[in-house]
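Every chain is named by a letter (A, B and C) in the order it is written, and numbering of its residues begins at 1.
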Amino acid sequence: MLKVSNLSISYKKINAVRDISFEISKGEIVSLIGSNGAGKTSTMRAISGLVRAKSGSITLNGEELAGKPPARIVSAGIVHVPEGRQVFSRLTVAENLEMGGYLTRDKRIVRERMEYVFDLFPVLRERLRQKAGSLSGGEQQMLAIGRGLVTGPKVLLLDEPSLGLAPIVVERVFEVIRKLQQGGMTILLVEQNAVDAMAISGRTYIMESGAIVLDGPSAEIAENDEVKRIYLGGKETWATSLLS
Amino acid sequence: MGYFTAQLISAVKLGSIYALVAIGYSIVYSIMGMINFAHGELLMIATFSLWVLLNAGVPFALAVALAILVTALFGILIERIAYRSIRDAGESTQIITSLAVSIFLEALCQAIFNSSSKALIIPDFFSKTFRILDTTVSVIDVVTLACTLILTLAVVLIIRRTAVGKAMRAVADNMEAADLMGIDKNRIITAAFVIGSVLAAVAGILYSGKYTSFSNDMGFMLGVKAFIAAVLGGLGSLTGAVTGGYIMAVLEVFFSGYLPRGVVSYQTAFTFLVLILVLLVRPNGLFGSSNRQRS
Amino acid sequence: MEKVKLRNNPLFRFLAVVLLPLLALLLAAFTGGSYYESVLVLFFINIILAASLNLTNGITGIFSLGQAGFMALGAYASSILTLSEKTKNTMVRNMPEWLAKIQLPFIPALIVAAVFSMLIAGLIGFAILRARGHYLAVITLGMVIVIKSVLDNANNLTNGSRGLSGMARYSTLPVVVIAALLTLFILYRIRISAFGRAMIALREDEDAAASLGINYSTIRLMSFMISAFFGAVGGGLWAHLQRTIAPSLFYFNETFIILEMSVLGGMASLSGAIPGAAILTFVPQILANFSTGFTLFGIQIPQINGLTNIVMSVLFIVTIIFRKQGIAGNSEYIVSSLFDRQTYTGLFKKETYTGFADAFRRKKSA
């Protein structure tokens, strides 16, 4: 469904991403894992049109999207939920969600999608008139995902959705991601929290210094000794125990 | 008593003009984080457009509408040509550029119309006077106040209620996140310039209508004062812009009306000193928030 | 032998930055007549003004729009000090007797005026330098307005909006050349000193600089005061070139001219003051010939008012869009070539000449 081929990105003269290719099929969760500065976020930003790729192609169901402006990419059906939430902190929760529907002409559809978001995150309905900046970190993350969903995406790009959240909240966020998949959503998940990401995703790509170094079914990747050593720290967590 | 009321009324008139112009500064600032020093020149553009149209025999109401339109077009052009490419440059670059735009527009106007002062002839209706309590008020004073109230209310409604207004606030709040929602920031910024320009155009016409004579240098000082009013109220806050505009006018009018002889000629200095003092005590203005978050 | 680039060869530096400009200057001074002489004097004064602004705006990162104010202080203070008692008493009503009595030679008057301006800057700066960015820009612009308002109204000191006149033409070419060189030299020494590095550190990252133990309020204040000192020197020299001054001459227009020189030349570089001043001095002189109307390809172009402002502001906007660091950028090539000892000691070394010839050949074959 979403296909990235030979993508390279550079800032000034530094190559952030070098010639990577990957693919996500419909209804799949794919995780992209790597250490800080490996190029995961750059990859996402290129897909969502925030940065211009130096070369390569990005297609959604065959439609070329590389080099298109963000608005075009959103209307094609890809939405990027950025790292660090980035909610509109001085707008209310309701207004934040409405912004998700900015490109959707038919406001009835926007309402429907908002109802769907409220079903996923009932807490947002309670906070509707509150300024987004006053929400807790977890609620902001839910709002950010919810706002993304109101755009009516086919593909959801989630950048570090668990970053800086309490473990209990992380669990809830991952539950929602799973639920979204059950509803047929295609998800690209960028995480430093490799354990949880691999637990939830069907396939995993590992990125290092701008290149993909390993890929395969998450269960297999999680068994890789190198991966275990670097990303899983050898710890037994609920996720690794689940996988094994 | 009569003297005081008269002073108060002229403060309200002047304050209305400042408020209209200050709102424009504030909107553009909160969205782009830039100070558009050329904003004051829009008053000049509106006035000259109206003057040309009236001289060409266009009926007054139509001429006013066209003058506002022309001013809005200039606002769009200024943003498109001069400001778009420096959007990510530093504060000082933006200030300098807008100063240059200001000088350019003023000089261009001088080149076309020369720098002599001109008279704007508005329908007699506006200069009719009547008495309220113990003071004489003219129709244009009432129109000025009414326009300010209506336009301020309209701007508040646009920004609070409409999709464009909400998108404006979203862009101001977090430009990148707005991008990711598919909000075309160029269009939103254009909309902000249009709103600012329309308000400036109305302010310019009201100002020249009141004082009837004008020249190509009318805009800069008015602009600077309105800008300082916006800063005083807290850049980025509409309430702040309006309040700042009226405070600025009250200071100016009352300093010149009540300072002792011998000191009264320093009124400009006093006004600015007070403003500088306020800023030193409250660096973000009266209604400004200290933790502005931009990305 | 190590290959030194041609532009770094002492002989090349000497020729390009010292000898050729000197010859050009002498040629212009002796053959040009009085009009060209006064344009050149203006050029050197502008160098001082631009360099003084670069210290705050470019090097320390204090974005000030107030230089015209300090220029005014220098112009007025020095003029009051050099004018004779008789002139002052006939021109200015009720000037305080002690002030009317004082008459100093030009150079001491200039220095007193500059110190005066520096002290005022100290007072003002103490209050305003806590402001940043936009706010500082506004406050310094407000300062220009306040200074003009005072000059306009302190009739018994400044003769109000009529201004002062009758100053002697002390700003001759040798005087301004020496003043400009001294200004650049002192500012350059400041820039390369530990103090100057602290200024740059402050510009780059205030928090980091503070964490290194740099006391930024002191440095900002010092920078502002030094800048005001040289701004006033420029103003004093200017007053004794024009021989007539009035408050309206030190207002937004002058603010903008100084800013333009600074930005076009390159704010972050003292060397930038030279090309900046050159453009803002010579281009308007050339344009003045056209502003009364001219014929272009057989088409009669009528008189254009404000032509200079139109051309300069467009030039300015285009520069900012395409090269916002200005002509010189971060390079101090001109000033360092002028004041580094190697430029001169290098002339007595053989390898300078062989290196020059070698680099020249390489350049040609390349």
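Keep this in mind: a contact is a pair of C-beta atoms (placed from the backbone, for glycine too) under 8 Å apart; a residue touches a chain by one contact, two chains touch by 3 or more.
Note that the coordinates shown come from a computational prediction; the quantities given were computed from them, not determined experimentally.
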{"item": "Chain whose Cα centroid lies nearest the overall Cα centroid", "value": "B"}
{"item": "Inter-chain pair with the most contacting C-beta pairs", "value": "B-C"}
{"item": "Most distant chain from chain B by Cα centroid", "value": "A"}
{"item": "Chain centre separation in whole Å, for chain B relative to chain A (CA means)", "value": "44"}
{"item": "Euclidean distance of C-alpha centroids - chain B vs chain C, Å", "value": "33"}
{"item": "Rounded Å distance, chain A centre to chain C centre (Cα mean)", "value": "54"}
{"item": "Touching residues on chain C, where the partner in the complex is chain B", "value": "57, 63, 65, 127-128, 130-135, 137-139, 141-143, 145-146, 149-150, 152-153, 252, 256, 259-260, 263, 267, 304-310, 312-314, 316-317, 320-321, 324"}
{"item": "Of all residues in chain A, those that touch chain B in their complex", "value": "48-50, 69-71, 73-75, 79-82, 86-91, 95, 98-100, 102-103, 147-148, 151"}
{"item": "Chain B - residues contacting chain C, complex", "value": "35, 82, 85-86, 89, 91-93, 95-97, 99-101, 103-104, 106-108, 110-111, 114-115, 220, 224, 227-228, 231, 235, 265-266, 268-269, 272-273, 275-276, 279-280, 283"}
{"item": "Chain A-touching residues of chain B, taken from the complex the two chains share", "value": "163, 166-167, 169-170, 172-174, 176-184, 293, 295"}
